[in-house]
Amino acid sequence: MQEQNVFRTATVAALRDEERDLGFGSVVAGESRQRLLNQDGTFNVQRTGLSFLTSLNLYHTLLSMSWKTFIALTLLLYFLSNVVFGILYAAFGASALVDTSKIPLENLFLRGFFFSVQTFATIGYGTIHPVGVIPNLLVTIESYYSMIATALITGIVFARFARPTARIFFSKTAVVAPYRGGEGLMFRMVNGRSSQLIEVEAQVLFAYFAEENGKPVRRFDFLELERRRVTFFPLAWTIVHPIDDKSPLLNLTADDLRKSDAEILVLLSATDETFAAIVHTRSSYKAAEINFGSKFISIYNPTRDGEQLSIDIKKLSQIERV
Amino acid sequence: MQEQNVFRTATVAALRDEERDLGFGSVVAGESRQRLLNQDGTFNVQRTGLSFLTSLNLYHTLLSMSWKTFIALTLLLYFLSNVVFGILYAAFGASALVDTSKIPLENLFLRGFFFSVQTFATIGYGTIHPVGVIPNLLVTIESYYSMIATALITGIVFARFARPTARIFFSKTAVVAPYRGGEGLMFRMVNGRSSQLIEVEAQVLFAYFAEENGKPVRRFDFLELERRRVTFFPLAWTIVHPIDDKSPLLNLTADDLRKSDAEILVLLSATDETFAAIVHTRSSYKAAEINFGSKFISIYNPTRDGEQLSIDIKKLSQIERV
Amino acid sequence: MQEQNVFRTATVAALRDEERDLGFGSVVAGESRQRLLNQDGTFNVQRTGLSFLTSLNLYHTLLSMSWKTFIALTLLLYFLSNVVFGILYAAFGASALVDTSKIPLENLFLRGFFFSVQTFATIGYGTIHPVGVIPNLLVTIESYYSMIATALITGIVFARFARPTARIFFSKTAVVAPYRGGEGLMFRMVNGRSSQLIEVEAQVLFAYFAEENGKPVRRFDFLELERRRVTFFPLAWTIVHPIDDKSPLLNLTADDLRKSDAEILVLLSATDETFAAIVHTRSSYKAAEINFGSKFISIYNPTRDGEQLSIDIKKLSQIERV
Amino acid sequence: MQEQNVFRTATVAALRDEERDLGFGSVVAGESRQRLLNQDGTFNVQRTGLSFLTSLNLYHTLLSMSWKTFIALTLLLYFLSNVVFGILYAAFGASALVDTSKIPLENLFLRGFFFSVQTFATIGYGTIHPVGVIPNLLVTIESYYSMIATALITGIVFARFARPTARIFFSKTAVVAPYRGGEGLMFRMVNGRSSQLIEVEAQVLFAYFAEENGKPVRRFDFLELERRRVTFFPLAWTIVHPIDDKSPLLNLTADDLRKSDAEILVLLSATDETFAAIVHTRSSYKAAEINFGSKFISIYNPTRDGEQLSIDIKKLSQIERV
């Protein structure tokens, strides 16, 4: 295969080091040719033998699930808690849980359930109320449980808010477009939030399979950027890797990239002003997501004198043939 | 135009790089000559095509709005929630929501609204109380809703507090004043908070329009500072750019600055001791805000022996002719 | 002792500096040959004379205790608070704390205790209620106390959540295994959480006792690593110290290490993406935990085409003879 | 004055730069010879003209006040809120605020006050309850106010907890003691908390008055340290400035220091593991707090074999003549 030879020119020793630098392990086992990074920045890897760890990941899970799932989960917890306490209250009979309202709830479980709601939520209308020591002890336990559960939910709700994360929109495809007399690999991105990101820094890597001792081995190269860092990021940023003599992409065609299972890995770090914290995000482009011979159309809106600089985010991924 | 020639001396290639470094985009479209940074540090740019994003910005909006707006918004939410639940409670008639007080509320909506308040706030006097399964189910739903809403409000209230931000007061004008035998561009600032800022660092940029191929193009230059960083910031700091042979401001008059739409961009980062976090702030001076031939009066209060060093913040922007 | 001579070859002056760099003090007193770092990363040192400080450490204690202990402690606090207020309420007699339920609680302390629970938890059924100024004043005090106590518990619960910590699983033993024609000291680790760690950096030190002026003195050497830093850490990382000519481990046997009370100290820092904060962790290997002539078995699961890269964490510490 | 001459040997230009670097301003006005830093690390400076700022400092004030003051303040707020609402409730007469308990509170203000407590704290026994639209509207307002006030208090309580701060105990005096054949300026410190500080870094400055053009002017010199940084800080750290040929302290006596109003400024930064944040602290030693011809006694406890390394914090400031 002609294409593979192009890759084999790089020194093996140097590449092995890069490999480790990325943290995908010093031995890449088997023949997995799957992408390493999904486009949403998550790692396309698996860890087994974690059964004993599952319980440890509760916090991270609660933080990273969607609000919809989080609301559903807490609602379920709320409902189940009241079912359990409702059953316990009902267990001691109608005389231990008196309902003084005009039409008392005859169904003891319902009476217990609604009483539990009024207790957990610390409402306590008093029309249903406990009589005797054991029901009152149950109230004591539920009120403690309610305090801790509410503290946990309040804590997690805030932690979900206070967690600094970046929401960067990357263009759906990268392009290989004309650049300063030659060509360049380009993709662009905008900040998906209204908060400001500053000191934005990018690393771009080129992962591909090359043949070593007759076996395909995954390799990594850093791609030099025209500019690695911007101070502000109020509009859009087009990242450019100039395909010059030193570029590992020199003379590669779309077909070469496809055959070597090439993948462009993007790593971004930035300071989020809302959180005053450094946030990270990742993305990647597989060969099929790289468009040769196209360029991005201008993202800027035409402005008249007296108007602000302005971009149209809907144009982020729009390209045109050159 | 004679003035533009002064700017055109810098090499175009070098400037293009600076341009990108700032993050205002590699192509500055159209003829917009508006200031890039407002004096309060916000960017004077616009992003369109964001309609599908609006909902994502809720958190940042809730954090950065004024306390007045925040209180008004939560009050409205509180009122509307109780109106909705009040209507629902009222829908099942007077026998489902009994009022045992001496003079019961005859208006069913008012009874439902006040009952909702007592339930949402988890007060539950009990004089108004639910009768039957459906009103009790409504109470169950409202109490869950109340728990989550209260957690959200508590979380956002704290997030508003815990968010590290800097409040720097910049002098209203910059001056071009005598400095070490020549001249210097100067402005000064104080910390507007009683918390300490340390390791304060400044970057100052000079943005202006120059003619390139007959078209006005925005350019950027970094201005060298006499001192870029101070360890402490308990008093005031006067930032000085010496206008020497290497300065892009050399020989420029107030009129030159005005004609080229000049803007001095200031970027500040510092460690806030209260938050133990790095905070950032920005400001800018347009040509009309730069005073030639004036200097700042001393901000120090005269001290007698045995007295502390002392400054008068009211003098921050006070200048005098030289 | 032949073995000690091996160590004495390093220059004493250089070592003394390293010693201080580690922060274990410039004078290591006495003959303590205990390990410096426990395997869980805590320091094996003691500080006395702290009695007046004990109270200051409450926050750190509340944050670092287990959830089990924390729950037990708050439950105790909750119980005791209600006992105290219960006694106070009971002190004013049955006419000051009226129970209007069908079968009133005759035991005044129990009535006071359950009333306190209903007040602290802000339930307030109203069947037990205060009569007179003093019981109402007690309620005022308890409700304030309840507000602050709940705020504290909510705050600490969240602080326990929001505290960025790393949970790294280190292999139980280190090995001295073949490496690039020679040998290398190796150990490996995985991230024990499902959150991502990035920019992971390691420092490895070699602590041992050498003879100086006839007295055993603890010494420290930095061990050079094949790679000090990985960008990502989605799978496992094997840290390798090549035992080459410059290595202080050159020609040392398991027996040498044991006799000199050798200890390998590991310091790790990483950025946790969930918290957007830099976390630190430590571990150490004593001579008995270093296995000569073994190597780690591959932690990778075999993958077929179309499958993800995958590791089995259960194999983390598994070694085989070479 | 002979002593002043010693100081004047340093080049004035270089010192002027240091002066600014510290952030005490480029012009040190008047003749104030007060210390710059208090021993507790606060700045001994004053800022006037702040009247319009006072309100902005609420958050920092609430965070940095003692727990005792904070509790007193919130208790006052709680009491006053209930007094105001109590008066409002009472304003509408006994028929608008019915007390159904066996012995109703005849004093309308007391009835209003206790009802307000039961409402603010969301207890709502129901024995005192509102009758009519206006009292119920007041309840609506108070319950909203209570929700926001509780959120604020919970937020501030947590912010007080979550704020990363260092508590370093510095020795009460510094000493000029024998060091490697010459002398060194030394002071030592321990971590006052049980949480770990790592990567501890120190800067030490020497401030003094020297004569310039016949006027006393404050000058600053950085003091070189034997070691500027320790990786760990589990025990004690003795900071040493060797008084060698390059030291500005060379040949200075206690009397020289006193006459030139000398001050040793200490700046410390460290990573706190509990908070995973970088914390800062400061301290200073005036001439009278520097002891010539003494040295610190060993802070280590004698250890037997099998015992841990151990220090006695009570010995931190203990010195002995040499």
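Per-chain residue numbering starts at 1, and chain names A, B, C and D are given in the order in which the chains are listed.
Quick note on the criterion: a residue touches a chain if its C-beta (ideal position, glycine included) is under 8 Å from a C-beta of that chain, and two chains touch if they have at least 3 such contacts.
Small disclaimer: the values here were computed from a predicted structure and weren't measured.
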| item | value |
| --- | --- |
| Labels of chains that are neighbours to chain B and to chain C | A, D |
| Equivalent-chain rotation between chain D and chain B, CA atoms, steps of 5 degrees | 90 |
| Same or different contact residues where chain D meets its copy chain C, judged by the half mark | different |
| Most remote chain, CA-based centroid, reference being chain A | D |
| A-D or A-B, whichever has more C-beta pairs in contact | A-B |
| Centroid spacing, where centroids are CA-atom means, of chain A and chain B in whole angstrom | 27 |
| Cα-centroid distance, chain A relative to chain D, in whole angstrom | 39 |
| Set of chain D residues in contact with two or more other chains | 118, 122-126, 150, 154, 158, 162, 275, 277 |
| Contact graph of the chains (line, ring, star, complete, other) | complete |
| In the complex, chain A residues that touch chain C | 17, 20-34, 36, 43-50, 53, 56-57, 59-61, 63-64, 95, 98, 118-119, 122-126, 129-133, 136, 139-140, 143-144, 146-148, 150-152, 154-156, 158-159, 162-165, 203, 267, 275, 277-280 |
| Chain D contact footprint on chain B (complex, rising order) | 71, 74-75, 78, 82, 101-103, 105, 110, 114, 117-118, 120-127, 150, 153-154, 157-158, 160-162, 167, 190, 192-196, 198, 200, 226-227, 229-238, 271, 273-277, 298, 300-315 |
| Contacting residues of chain B [partner chain C, same complex] | 122-126, 154 |
